[in-house]
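Shared chain: chain A. Partners: chain B in the first complex, chain C in the second.
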Partner chain A sequence: MRKEAVISKGLRHVHLVQAALLLGFFLLLLLPVLTGYSDYILQVFTHALLLATLALAWNILGASGAISLGHAAFFGVGAYGSALLSHDLGFSPWFTIPLGGFLATTVALIVGFLCLRLRGAYFALATLAFVEIPKVITDNWDGLTRGSLGLVGLPGLPTLRLGSYSLDISGSPVGSYYFVLCYALVLVSVVTLIFRSNLGLALQAIREEEIAAQAVGIQVQRYRILSLLVSGFFTGIGGALYAHLIRYVEPGLVYGLHFSAVPMIFAICGGRFTILGPALAALILYPLDQFIFHPLAPAGHEFLYGAIIILTILFMPAGFWGHLRKGQLVSIKTGSIE
Partner chain B sequence: MWTTVLVSGITLGSFYTLIAMGFALIFGVTHTFNLAHGELLVLAGYVAYWLWKTLGLSFVYTFPAAILAALFVCLALQRLFSMLSEPLELNSIVVSFGVAILLQNGMLFFFSGDYRLIRIPALSQGLHLQPFYLSYAQLTLLVLSLLVIAILYLLMRHTYLGKALRATIQDREAAALAGINVGAMGILAFAIGAVLIGLAGPLYGCIHYLYPTAGLQATLLAITITIFAGIGRIQGLILGGWILGLAESFAVVLLGASWREMVSAVMLLLLLAINPQGILGKEER
Partner chain C sequence: MSLLKLEALSKKFGDHWALRDIEFSINPGEIVGLVGPNGAGKTTMFNLITGRHKPSSGRVLFADKDITHCKPHEIRRLGISRTFQSSRPFAKMSTLKNVVAGRIFSTDFDLFTRPSDIETAAQLLELVGIAHKAKLPAGELTLSEQRRLDLARALATQPRLLLLDEVAAGFSPVAVKQAVELVLRVRERGVTLFIIDHFLTLSLRVSDRLLALDRGEKVAEGSPQEVMRNREVIRAYLGMRRKDE
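Now for the complex of A and B:
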């Protein structure tokens, strides 16, 4: 009797959460209409969605228990790779964006080679130091990258046409918004597939107890490097998209702390071991930052992120989404990370 | 020319040792990484800059204020770290990364993003000692750094407090069994670390431009030197500081000033690649 009550309460809770998610999804879908096509609001949410994809990508590695403080390395390499290939060689962005992703994967391979024997704190320190290397190289290789001045006037994403409808992706805020929304949905599906696959299960085992995982025959290093490569790939894609959306790259910007710290903070705050947590945190916290804290303190409004990560680690280490979903039947039944 | 590079490398290296000492002491005693170390240094520099520039205070008198500012933040950080759960090393990294973001944005808010330098005319001259040139700024930096290092060395070696600190660094449980209050030692380590930062910060403001995100470089070099030295050895810190200072000086001459930022990052990655267990690995095995 009591047990049933607990379950039905749990189920009601599940329904409530699902309803809220569905509502949020429709709000995102109708956002341009609901906000009267306000450029500013759409730009904020476009960037929030981009950060959500970065947090999702970060979390592919995060699911193994590793914390990276240097994902801006992949972001920057993806951005610069795609920017240079399309600007200098004249390739279409559709072609160079995946190439940017593969370049970032190559860099992830180097990081893996250097750092994968490291654990916990030392892995985090190594990734923090690693960002400096592509940043300084980009800064100094004037002949190729134009140095610290950056690269202006990158080709935008072309207009999509379907019959009489056309969607200008880089030119209009609405186009950019829907494009990034689509990419975010694709990435959510990819992450869901990954987390429910053998890779996801292996990562779960590795973060819970690495030695035990090894003992049952999981090839720990292989899965750790795989998660690093996939995570680096999607972070690179994110960087490449960013470059073509704002049509401008600069070392201080794309290798900056913003793109290392903020996705990491969203992922941890949302819940490192959940699928949707990182994206939800990005969609809630970035608009909060832009609409409330930015007007209050135009210089220094990002203190919010510092405060959030401190409070999360101290009081809710599983993240808010992880906390909400803790101890549900779902996770036992499917054996998945959620 | 090479002797000048050598001298500037040793000078810089001695100063780096001073910067790293606080970090190493805090890590040795409490096993926490303080990623806000560089931001604290820059904050101390800003406090000195502000007093010197707007209140016209003599540069020498800015040190106490810088120490007080560092002490305030460091003790708050110690409180924060004492609330952490395991794994302590990793959690301290993430939390102090958050503190670093807080401090960066606080400094951006109060001091703006402009580049600031404490320019003291007397320090810009120098001595033409054959075969090298030594500016008064370098001389001050070298003498003060070595003086502070020497004082800390004596404190650690020849006082009861130093002995207790060293015992805690070597083995916390044994130290606690011997009646040493390990928690108090942690607070003490943060306090000494803050004093070191407060001494180094204003000097940092004389040789480097201050801007809110300048701290990362200092944090990286403190980590590099600490991991090079292992824990509990001031001699190792001096050697690590000098190697890093020399490597940076030579990199500036051979490759150009803009490559300097990469030196400590590359050194840290190499150190970690060689010894992936980190500093504490040997003890834990």
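Now for the complex of A and C:
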């Protein structure tokens, strides 16, 4: 009797959460119409979506238990790689964006060899320091990168045509918005695949009890490096997309703390070990910051992130999405839902 | 042919010998108890066999293959599994999934868990008597349930040699009796067992042979009766050592 009550409460909770997710998804799909094609609102949400993809990518490494403070290294290398290849060699961005991803993966491999023997805070600090390496190189290799001045006038993404309908990706806020939305959906699928498969199981085992993970035959270092490479790859893709969307790169911008810290904050706040948490946090918090806190306190609006991270760690260490999903655990306990 | 062979195995931590010049072997199908007082070097021996620590000198042979320098996951794949003195469950994973994890990574990698893996895992939970806790996060089990889970997870890897580190410590008399039956059933599946058992609650009842350690050295080896009559063993257990020893 009481058990059934718990189950039905759990079920109702699950349905509610699913309904909210679906609603949110339709709002995102219709956002341009709903906001009357406001350039400003679309730009904010485009950046929120980009940050969502970065938080999702960060979280692929996060699933192994590692906390990186240096993902801007991958973002910057992806951005510069694609920028230079398309600008100087004239390749199409469709081609150079994946290349930017692969360049970032190479950098991730180096980070892996240098830092992955470390754990916890030591790993985090090592990655924080590591960002300086590609940044200093980019800053000072004037002949290749134009140094600290950056590079302007990058080729944008072309106009997509479907019959009579056309979408100008880089040239119009609507185009950029839908393009990044599509990419975000791709990344959600990738993360879902990783988390739901035995890869995810291995990562969970590693982060929860590394010695036991080894003892059941999991090749701990191999999975840790794999998660770092995949995470670096998609962060690099994100950097490359960003470069072609704003058609401009500069070391201080693409290697900046913003692209290391903000995705991490969103991932932790949304829920490090959840699939959607990091993306949801980005889609809620970034617009909140831009529309409400920025106008209120233009100089100190990033205070919001500091406050949120402290509150999360203190009161919801599993992140808000992880916390919400605990309601589902109730029903898992009673055996009604897998 | 012996299944496991230790040759002049030694481990030094700083300038302290945790194990010194151990010669020992285990035959296929045996149940061997490893006894000795606290700090005797029992867990260290398991850590050396499973590759968690590297010996300072000596060799470990498994089925005639030198595994001294193999990594833990390689040794696992060759067929040695273990439980831990203080259990190490994947705390936030469900109990069932813990066992599934033991199963999956012992074979070639499949991207997705097969239903048969889940079925096997459920049967193992049944075997160790915690099937009713399958959906609970492993961290919420009691300590003795976590021990059983550790055992089920180790069995899921389908070992040829299973090392149990104090599985029955703190068990009630009833639970010890169940553990005795369980160990015998595991042997029936063709698994060789090496059991650390400080208080001898389990090993006296199931072991074919005992190995007794004291302060890193082998002090006796033989049938349980022989070993328990051994004066060195009695002295080690009662703490009656001369100062100069």
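Keep in mind that, in the parts below, the second predicted complex is superposed on the first by the 327 of 338 C-alpha atoms of A that agree within 3 Å, B and C clash if a C-alpha of one lies under 4 Å from a C-alpha of the other, contacts with A are read in each partner's own complex, and residues count from 1 in each chain.
Note that a contact is a pair of C-beta atoms (placed from the backbone, for glycine too) under 8 Å apart; a residue touches a chain by one contact, two chains touch by 3 or more.
In this text the structure is predicted, and so the values were computed from the model without any measurement.
Trainee: Identify which of chain B and chain C touches the larger number of residues of chain A.
Mentor: Looking at chain B versus chain C, the one contacting more residues of chain A is B.
Trainee: Which partner does A:L296 reach: the first (chain B), the second (chain C), both, or neither?
Mentor: Neither partner.
Trainee: Have a look at where A:E132 lands relative to chain B and chain C in the superposition and call it first, second, both or neither.
Mentor: Only chain B; A:E132 stays clear of chain C.
Trainee: Contact-wise, after the overlay, does A:V33 reach chain B, chain C, both or neither (first, second, both, neither)?
Mentor: So A:V33 meets neither chain B nor chain C here.
Trainee: Kindly classify A:I67 by the partners it touches after superposition: chain B alone (first), chain C alone (second), both, or neither?
Mentor: After superposing on A, A:I67 lies in contact with chain B but is clear of chain C.
Trainee: Please work out whether A:I310 is in contact with chain B alone, chain C alone, both, or neither, and reply first, second, both or neither.
Mentor: A:I310: touches chain B, not chain C.
Trainee: Looking at A:L118 after the superposition, I want to know if it touches chain B, chain C, both of them or none. Which is it: first, second, both, neither?
Mentor: first
Trainee: Applying the touch criterion given at the start, work out whether A:E208 contacts chain B, chain C, both or neither, answering first, second, both or neither.
Mentor: A:E208 sits against chain C, while chain B stays out of touch.
Trainee: Where on chain A is chain C touching in the complex?
Mentor: 197-199, 201-202, 204-205, 208-209, 211-220, 273, 329, 332-335
Trainee: Please name which positions on chain B make contact with chain A in the complex.
Mentor: 33, 35, 80, 83-85, 87, 89-95, 97-110, 112-113, 213, 216, 220, 223-224, 227, 256, 258-259, 261-262, 264-266, 268-269, 272-273, 276, 278
Trainee: Under the stated contact criterion, what part of chain C meets chain A in this complex?
Mentor: Within the complex, chain C contacts chain A at residues 50, 52, 71-73, 76-77, 81-82, 84, 88-94, 97, 100-102, 104-106, 109-113, 135-137, 153-154, 156-157.
Trainee: Write out the stretch or stretches of chain A touching chain B in their complex.
Mentor: 67, 69, 114-115, 117-122, 124-126, 128-133, 135-137, 139-140, 257, 261, 265, 268, 297, 299-303, 305-310, 313-314, 317
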